[in-house]
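Single-structure report; data block below.
Note that the chains are named A, B, C and D in the order they appear, and that numbering of residues resets to 1 at the start of each chain.
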Amino acid sequence: MRKKTECLAMLLAGGQGSRLGVLTQNIAKPAVPYGGKYRIIDFPLSNCVNSGIETVGVLTQYEPLELNAYIGNGQAWDLDRINGGVHILSPYQQISGTEWYKGTANAIYQNIPFIERYNPEYVAVLSGDHIYKMDYAKMLTFHKERSADCTIAMLEVPWEEASRFGLMILNDDNSIAEFEEKPEKPSSNKASMGVYIFTWEKLKAYLLADEADPDSDNDFGKNLIPAMHQAGERLFAYPFEGYWKDVGTIDSLWEANLDLLNPGVDLDLSDDNWRIYSNNPANTPHYIGPNALVENSMIAGGCRVEGKLDYSILFADVIVEEGAKVEYSIVMPGTRIEAGAVVRYSIVAENALIRRGAQVGDLPENYPDRDLWGVAVVGDGLVVEKNARVKPKEMLENKIKEGQE
Amino acid sequence: MRKKTECLAMLLAGGQGSRLGVLTQNIAKPAVPYGGKYRIIDFPLSNCVNSGIETVGVLTQYEPLELNAYIGNGQAWDLDRINGGVHILSPYQQISGTEWYKGTANAIYQNIPFIERYNPEYVAVLSGDHIYKMDYAKMLTFHKERSADCTIAMLEVPWEEASRFGLMILNDDNSIAEFEEKPEKPSSNKASMGVYIFTWEKLKAYLLADEADPDSDNDFGKNLIPAMHQAGERLFAYPFEGYWKDVGTIDSLWEANLDLLNPGVDLDLSDDNWRIYSNNPANTPHYIGPNALVENSMIAGGCRVEGKLDYSILFADVIVEEGAKVEYSIVMPGTRIEAGAVVRYSIVAENALIRRGAQVGDLPENYPDRDLWGVAVVGDGLVVEKNARVKPKEMLENKIKEGQE
Amino acid sequence: MRANNVLGIIYSNSYDSVLPELTPLRAMGSVPFAGRYRLIDFPLSNMVNCGITNVGVITKGNYRSLMDHVGSGKAWDLSRKRDGLFVIPPFSDSAFGGEQFRSRIEALHSAIGFIERSKAEYVLMCDSNVVCNMDFGDLIKYHSDKGADITLVYKYEQAPKIPGILTFALDASGRVSNEELCRCGITCAAHSLNIFLLRKSLLERLLNDAVCLGYKDFDQDIIASNVENLKIFGYECDSYARTIDSLQTYYEINMDLLQPDQKDALFAPDRPVFTKVHDDMPSVYSHSSNVKNSLIADGCKIEGQVENCVFFRRVNVGRGAKLKNCVIMQDTFIGEGADLNCVITDKNAVIKPDKVLSGDKNYPFFLGKGIVI
Amino acid sequence: MRANNVLGIIYSNSYDSVLPELTPLRAMGSVPFAGRYRLIDFPLSNMVNCGITNVGVITKGNYRSLMDHVGSGKAWDLSRKRDGLFVIPPFSDSAFGGEQFRSRIEALHSAIGFIERSKAEYVLMCDSNVVCNMDFGDLIKYHSDKGADITLVYKYEQAPKIPGILTFALDASGRVSNEELCRCGITCAAHSLNIFLLRKSLLERLLNDAVCLGYKDFDQDIIASNVENLKIFGYECDSYARTIDSLQTYYEINMDLLQPDQKDALFAPDRPVFTKVHDDMPSVYSHSSNVKNSLIADGCKIEGQVENCVFFRRVNVGRGAKLKNCVIMQDTFIGEGADLNCVITDKNAVIKPDKVLSGDKNYPFFLGKGIVI
């Protein structure tokens, strides 16, 4: 007989993340690199293991190869457990037929047998595209103390941004009075973080009901949680304070990275009591050359920096040659920036090659019409030829021709 | 840069195994229990690890839950590797669209990116429903010595059974002259064991060609290998000697189990140099009661035997109460056989309950018309009520009513 | 407190001296027991089952077979990046003049670095010669409910014949009371199972004091002498617990497991006992076998008669051999026609055909490791 | 022969005595090196990269930090059910009167049980004080092509200043020739890197003979005296290999890695050097930092000036501090305005603000573990 698991987590990693364009052409969004050595999924996974949740299902049906390879047997997050551990759950065939995940709720529905194997009392449902450090164990205690059926993690956002979020209006006891989905005129600034804890018995009943409803989109936010609310179940909001960022767009991904260089931002990745784990290849300490100039930057292992670096983040094994300049940019693993190339306000994906004299991105001050300016992106494995130019806001998907001197 | 892998294995575990009826209602065929503590997939997996192949893809799209849980992180087979190890590969969505595995060749085709991650020189393609011990390393040496493009493991079968197999007609140098698929009048008794080694470069080319052919069924035996043969590639047969059994039917599964009790059968599971690994729960030594009578049998951990046992195999945690009788039968984990129940010539699946006085199966000698006789099967979790009867050849799928005294 | 807030400490060499037959080449913790286990499996599984994820195993000498058995801790799911299982080898501790530790205080002090590094708030200590299956979660709750400084687990019954075992009286609240504290070991008494739970900071303080003051005896100098200063509570173990104090009790406890109620009590289904997996095939019984009232591990091949026996892995019993009341350890080979009664064999023993060996139930015959007779 | 047919043996305590500054609390194998490594990572990775899956690490004393570092062997993918990594603790070996082993022969003999249990046909032995990255696959092939009994790896250059290091001459075929065998250690010579490959059965025989005859010196009594009887071949290491024979060479070898060609030779991309993963964040450079020609591991925070330095994990350099030609080990804290030249700090050292420390390139200043200055 399998022992009861108090709480397991289901991580919704399915999204193609199309707003990230070339960065998610071949990889699922949770596998997008972040912060010099991490990938987005490191945050929810590390949060789980640090919170004592040792059974995690990762739900994905889109390009799981890279994600699979990255997660491997879970060892990097201490999730290579004999019972539990991390499991990637793709759709499969049953005698009764087969289907792809129709929505977030359906994805969980299809994996009810997986969940039941572990006989959990509570299930945490997490989304896989946020950067934050959070102790789910505290949220679970909150959930249990209130005998809640569903607890939603909640963050107070600036009023001017509130309309971009799913909002909650609360009663005095933190129970949820009303939901507002991205309203034009928000009457609350309490946003849902996409982190839920459910009492499993209740969740299961609503998953079955939701699946039986042919009109449902099988989505947590749109269907299942409103249904619970309507039926008068005990829904509570758990207040969270701290850094939390959705990295669903190029701009927010770029910002979230540079946040790490801002001492005023409350996201400490060096906290030994809440380590963020990641799966990294064997690489050496990085090397800073005799004529390099490095300021306000973060550099991962295996890099060789001989040029100038300012307000930038280099992932593993990046080479910045002498005379190259990288500013306000994110450079993902294995990319090489040749002498004389200039990379500014850009995200350069993995294994790209920026050749001599090329210019990627530009300063915002050169664009009086700010609508024309934005972060430039170079897709993975691409070559930006000699003296070629990648304009601000451009998203390079194919090889670019050699430019004019 | 990832190191080159000499040889990786792709295990075709996709089959629903419908000829095994209730035994594969909820589990994929490779997860069917065998031999007291094993499951069918333990054999190819153990063969791989004993042969030095440490990267194995298990291809499945049918009910992978049990298989997933059984394989876990691969630790039981020493396949919880940082690079490589065992990976369950289900179909997934790509930008270009999505599809289920259409055939054996298509299943490999869809996982070309997985294979290429490991940069192998050779790929072994194994089927997941045979019981045998085989050193694939020797077969690989054979393959390399002959600079073969494809090597097929081959077994000489009795002539009278040859027509049930895919056969090969060989030249003197063991190269393959001709294939015969289950011919009525076989001109060879050299059968394919469903174990292939391909030079990856060649296999990849033929996979791409096969996929491009709209008329192909995308099957190894029907399409891809004949295509290689026609094109004049170097196809060889690797002669294997030893025990090899397809366990695709109830009768062959029953026989293959009882083969373990036959000292004349060449299948030694106690060989320390070729261990068959399996994933087993923590259970105690089994207990034989003061009035038990046990002969010619095999008993796994956690069992309690107080009744009579002859020519039978008990899996883990089976209880045979005092006064119960089990003969020529296979009893899978967690099943309980109450006092006075008689189980003969049967396969009883996991967690079944055979109540007092019930009779499952019967002796062949009681059936002068042998067509009416056969192995009885009780599906998993079922209860055979007091004094009820499961007739020979019957396959019990639902609860059975209480019988008359 | 959450159990992962508790650091487990196991003495692998506890009372090696009471079982000299089985411990010349191994620590108490790696003594084989009950067909497929080693003694350390019991405290380890108890800890893991209540959610403890950080365990230190303190060793002294002869711990190679112990290291071999526990390996990386995978079998107990304690192979972890953070926390997990650590074997703490002896260390030349300058506090004791460079010699290896002799007493429990010295042993703990030698592991003080490991203890200090742990982020746990509490420490739970166990010995290896106590075979028990108990819910440490209940113990932890008891400790916290009582507001105890130290909780020690006891059994009320005849105390084992171990020199210096702690016996004591308790007041109505369960607190160990000063006046009746005594050290006897003959009649029924509340005697310590040497399972202690206390705050890590308290342990560190007590240890440092003890070392400064030259204390040697944990029971006397730390527990007994602090009965008034500290709130020391007793927690009665109401589940299976037996203490091995001699080869004789070792034999008896093995034999008692042939009683289904004893076996079910030790191997409680909701608190499984984990051990290293060996991938032996299931045991095989031939036509000529006749086995009654016995516990048989995997990998045995039985062609003879067996009654009231405990068999470890891969025991081979030839045709016509007769075994009664025996504990036969792994890879023992019993030749055809041999006749054994009340015999304990250590690993890899070989009994040649037709040999007759007989001990007594009160004084079993012991055959050492690898002996060919 | 397939590499998984080779058993690896690493001496973790090889020549501890030549590096007394760094080995009072650790074995040679766990001496930190090159920013994120320990010396044992190099022989271990070499073995793993050529496909060896069974490695025994022979230990003597002070091996807790070594056990902590290698753990279950996961970092080298050597955490296995079968084979994998084994730390072999010292064992009171009766052949040496119960004392811990002193010589290489005694060390090997003390691990003889481990060696005998292995199913490998060959044994490859390495020391921990040799920093090298070589393809043992080529060595194995050479051994087999030559039909050698023993192959030893050598470098032709100035021999390290290690007492008793073996230097020798080779004949045209590569065989170690008798007459020119000598023990010097001053001028350029073919000197042994103490990497030996031989058949396991031969090693077992040589060891048993050596113990019977009371031999103590592996090089002299086993290698040198068998030059005629056995086919002993030398294999020249043409890849990176440096032997640590003093704190001075330790410093030099670290510093040499600031030359990109040296670093690229040691960290050959197709033979990665694996080490325990620590999950530190990438290093952060502030506005006021100025770093030149340095090797910086993860987790550092740099606000000062750094030139020609090797930094281990989590080094903290305050504003205005100046470091030149230093090797700074993990968790060292350099206060604001401190000025260091040619300094080696062991772990957890603290340099208070404005302190000035200066050694010489030929005689670096060494600051012990945890020293606050």
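One rule holds for everything that comes next: a contact is a pair of C-beta atoms (placed from the backbone, for glycine too) under 8 Å apart; a residue touches a chain by one contact, two chains touch by 3 or more.
What you are looking at is a predicted structure, and each value in this text was computed from that prediction instead of being measured.
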| item | value |
| --- | --- |
| Chain pair, B-D or A-D, that carries the greater number of C-beta contacts | A-D |
| From subunit B, the most remote chain by mean C-alpha position | D |
| Euclidean distance of C-alpha centroids - subunit A vs subunit D, Å | 41 |
| Whole-Å separation of chain centres (CA-atom averages), subunit A against subunit C | 47 |
| Multi-partner residues of subunit C (each touching 2 or more other chains) | 74, 79, 81, 277, 279 |
| Contacts with two or more other chains, residues of subunit B listed in rising order | 75-76, 80-82, 275, 277 |
| In the complex with subunit B, residue positions of subunit C that touch it | 34-36, 74, 258, 260, 263, 267, 272-275, 277, 279-287, 289-299, 310-311, 314 |
| Touch list for subunit A against partner subunit D, complex | 35-37, 75-76, 261, 269-270, 275-278, 280-301, 304, 309, 313-314 |
| Partner subunit C, residues of subunit A touching it in the complex | 1, 3, 52, 75-76, 78, 80-83, 137, 273, 275, 277 |
| Footprint of subunit C on subunit D - complex, ascending | 61-64, 67-68, 71-74, 79, 81, 86-89, 91-92, 113, 277, 279 |
| Subunit C - residues contacting subunit A, complex | 2, 4, 49, 74, 77, 79-82, 119, 269-270 |
